[in-house]
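Here's the structure, in structure tokens; my notes come after.
Order of writing sets the chain letters: A, B, C and D. Residues in each chain are counted from 1.
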């Protein structure tokens, strides 16, 4: 049984991005999805700070401190890019103009509730940023996360225990072990890694899993994690 | 007298700012922080400020200097977490109960500011419904969704960063420098822009990204 | 007794525009105020269609059909002008960023209520345009109108009879006979044309008039009306 | 496949438009009327349209052709009065009870459209309070003023006029051509722009006045 590594999860999610979509990629792991789009797929990557058409990271000698994404990364613009203010950027998000957002998460509930903004870390201030806007308003909200916590506790749950980001918003979850849709009837497994039984996956999940009739093997090409 | 909003110094651009002011500070993702104005505000030293700023502690912003100097009573922001292992100046004071915090989803944050500048006292939004950040707020269903009523955030002072200003106060921005600057300028009684340079001639109309109507004073900082 | 003509009323209102103000001038007579500003007074003229810094009418050989004001007049831009979309333009108006608007009117009430948009013309559709936005939200709303209707009926009233544009919004009225402030105590006459008695002015008004202690003579230079 | 929103003809740009559509039409003060698209829509001939347009009858717009062709069930506008001595095509049908009319203050008109595009179902505004145009609407006091609750106006189709479009659908506008175009594009399921000319290269980011994200199809008309 070979779980996907973090970049492989990202790769897998990126395979489902369709040609021509407007995509917002969350800070952290999700931004790497742009490296793994299927050949020929052309998308517009929207960053909350107003960059409509974010390109790859800037080369070291091409850095411009005013050209950044929502994660403060120094980026480039793709052809056809434009830049709007925050008011327009979030009007775009809230207005349903983002086809897909891919976000990290702590927990996802069987009804699609998402908890990804507040881990209740002692002695640290809250940090919500644009997470609630994206989760509540993108047309499709996909989550990338490890199937269980570092301590082995499930992240797919009947109800989220951590503070919610948005209610009933997640449509699909990509983990190191499976691809899981959130349906009106709860979690539906679309893909599962080779060598893992359905019972084993269920044991690592905190809510009932159904399995698609055509449930496939979850695979990804080898991708080395950076040191 | 021909309109001229250019002033000679950051200190001069803050004349009239007093204790208890609600202060907008632009900047997001590392771009657009009006750091010269922030420092000038610290030097001026008004007390009991309410800061309305995306991040209470960003590594490229000097906002923390206002907090360190104990000028701040309350922060309205979307990110209140420091970027180092130890709690930030803000976090320490917040945990000690010395600073009040209102944490707001970023789109709601910018829309509430826009609303103040646009004469809208409150609007409904789907963002934050069912979360603790909107606890206690009025909820209403439109169609098949639930929405939360959010009030405008008006301010006394906006400190924003732009690239160039002309004598009329018209502004241009470089790349992602814009972010909250335009809406913050619309929602403050006094809007001050720090710019890289003054434009000698009026900025051509199609290049203006914020009309000078919204800018009261501009100061060139390089 | 020499009442002001229509352009003289416009001239009189323009004398009160202060240096540096943002001004919106209503369609019809008020737009002519820009021709009569005091020497040295520099203002920004905002047009509802988004022109921030409207200049004089375009010369016949300089007409550009895309450069128009809210009244479809082919105009020019003054130095420092910019152009925004209607959403920004009305956000500017509604947000209180217009220092003064000067509007035509049918009726003004002693409490500042304004009726200037609907004369209830039989068989014609309504036309409100930006009148309600300007009347409700400009910091100062000044009215230019004849003191009485063509039939001699007063336009300064206890209550407007025609449909309201906005409540309690007018602060000053310029007529062919007088300059009248709207105060918390009702109409207060600041200026009255030479040769007209207070009683005569009162007789042409539908609400009680008070007279300022320093009530002046309303005068204007000769201005010929166009044919 | 590289994004390309340019289509060959106005007729093609309206593919899929059907009966009962709510149609935004840009233009104000004589600038920004998408007259080629309006005529193409008339030729296509969908019935029972709701038009959302600043003026039901403007001398420089072809909107009246849709009304003459009896394609229109309702008009939401700020100006419903014709410009000639005799009643306009709209006014005649309206008086005969054949067309429904909703007359809206212009700032409320544009803000209601913006709201739809910005995910806001309703907002409070001071405009229209105490007038017959807001009769029956919910009223609420904030601070010392009274406000009216106004709902968003969403549409199926936006017909807008711009100066240039690139393959990504990014638009530039000439002078006052912009007016309602940007917000209308944000609030429609299908946004179509007629432009003077296509830009061969992508429009430089700082010149884009409406991001292509909001534009579904563009057609060059000269």
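The definition used in the following text is that a residue touches a chain if its C-beta (ideal position, glycine included) is under 8 Å from a C-beta of that chain, and two chains touch if they have at least 3 such contacts.
What you see is a predicted model; the values in this text were computed from it and never measured.
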| item | value |
| --- | --- |
| Both-way neighbours, i.e. chains that touch chain D and touch chain A | B |
| Chain separated most widely from chain C, comparing mean CA positions | A |
| Comparison of A-B and B-C (more C-beta pairs in contact) | A-B |
| For chain B paired with chain C, centre-to-centre distance based on mean C-alpha positions, whole Å | 35 |
| For chain A paired with chain B, centre-to-centre distance based on mean C-alpha positions, whole Å | 29 |
| Separation of chain A from chain C, taking each centre as the mean of its C-alpha atoms, in whole Å | 56 |
| Rounded Å distance between chain B and chain D, as computed from the means of their C-alpha atoms | 33 |
| Contacts with two or more other chains, residues of chain B listed in rising order | 111, 114, 118-120, 125-127, 175, 205-206 |
| Touching two or more other chains - residues of chain C | 83-84, 90-91, 93-94, 137 |
| Touch-based graph of the chains, sorted into line, ring, star, complete or other | other |
| Which pairs of chains touch, using the document's own definition | A-B, A-D, B-C, B-D, C-D |
| Chain C-touching residues of chain B, taken from the complex the two chains share | 1-3, 114, 116-120, 166-168, 170, 186-187, 202-203, 205-206, 208, 211-214 |
| Residue ranges of chain D in contact with chain C within the complex | 28-32, 56, 58-60, 78-82, 87-88, 90-91, 94-95, 101, 103-108, 110-111, 113-114, 125-133, 174-183 |
| Of chain D, residues touching chain B in the complex | 111, 115, 118-126, 142-143, 145, 147, 151, 172, 175, 205-207 |
| Touching residues on chain A, where the partner in the complex is chain B | 47-51, 64-72, 74, 83-87, 89-91, 93-94, 113, 123-133, 136-137, 163-167 |
| Touch list for chain C against partner chain B, complex | 19-20, 22, 40, 42, 44, 46, 52-53, 77, 79-84, 90-97, 137 |
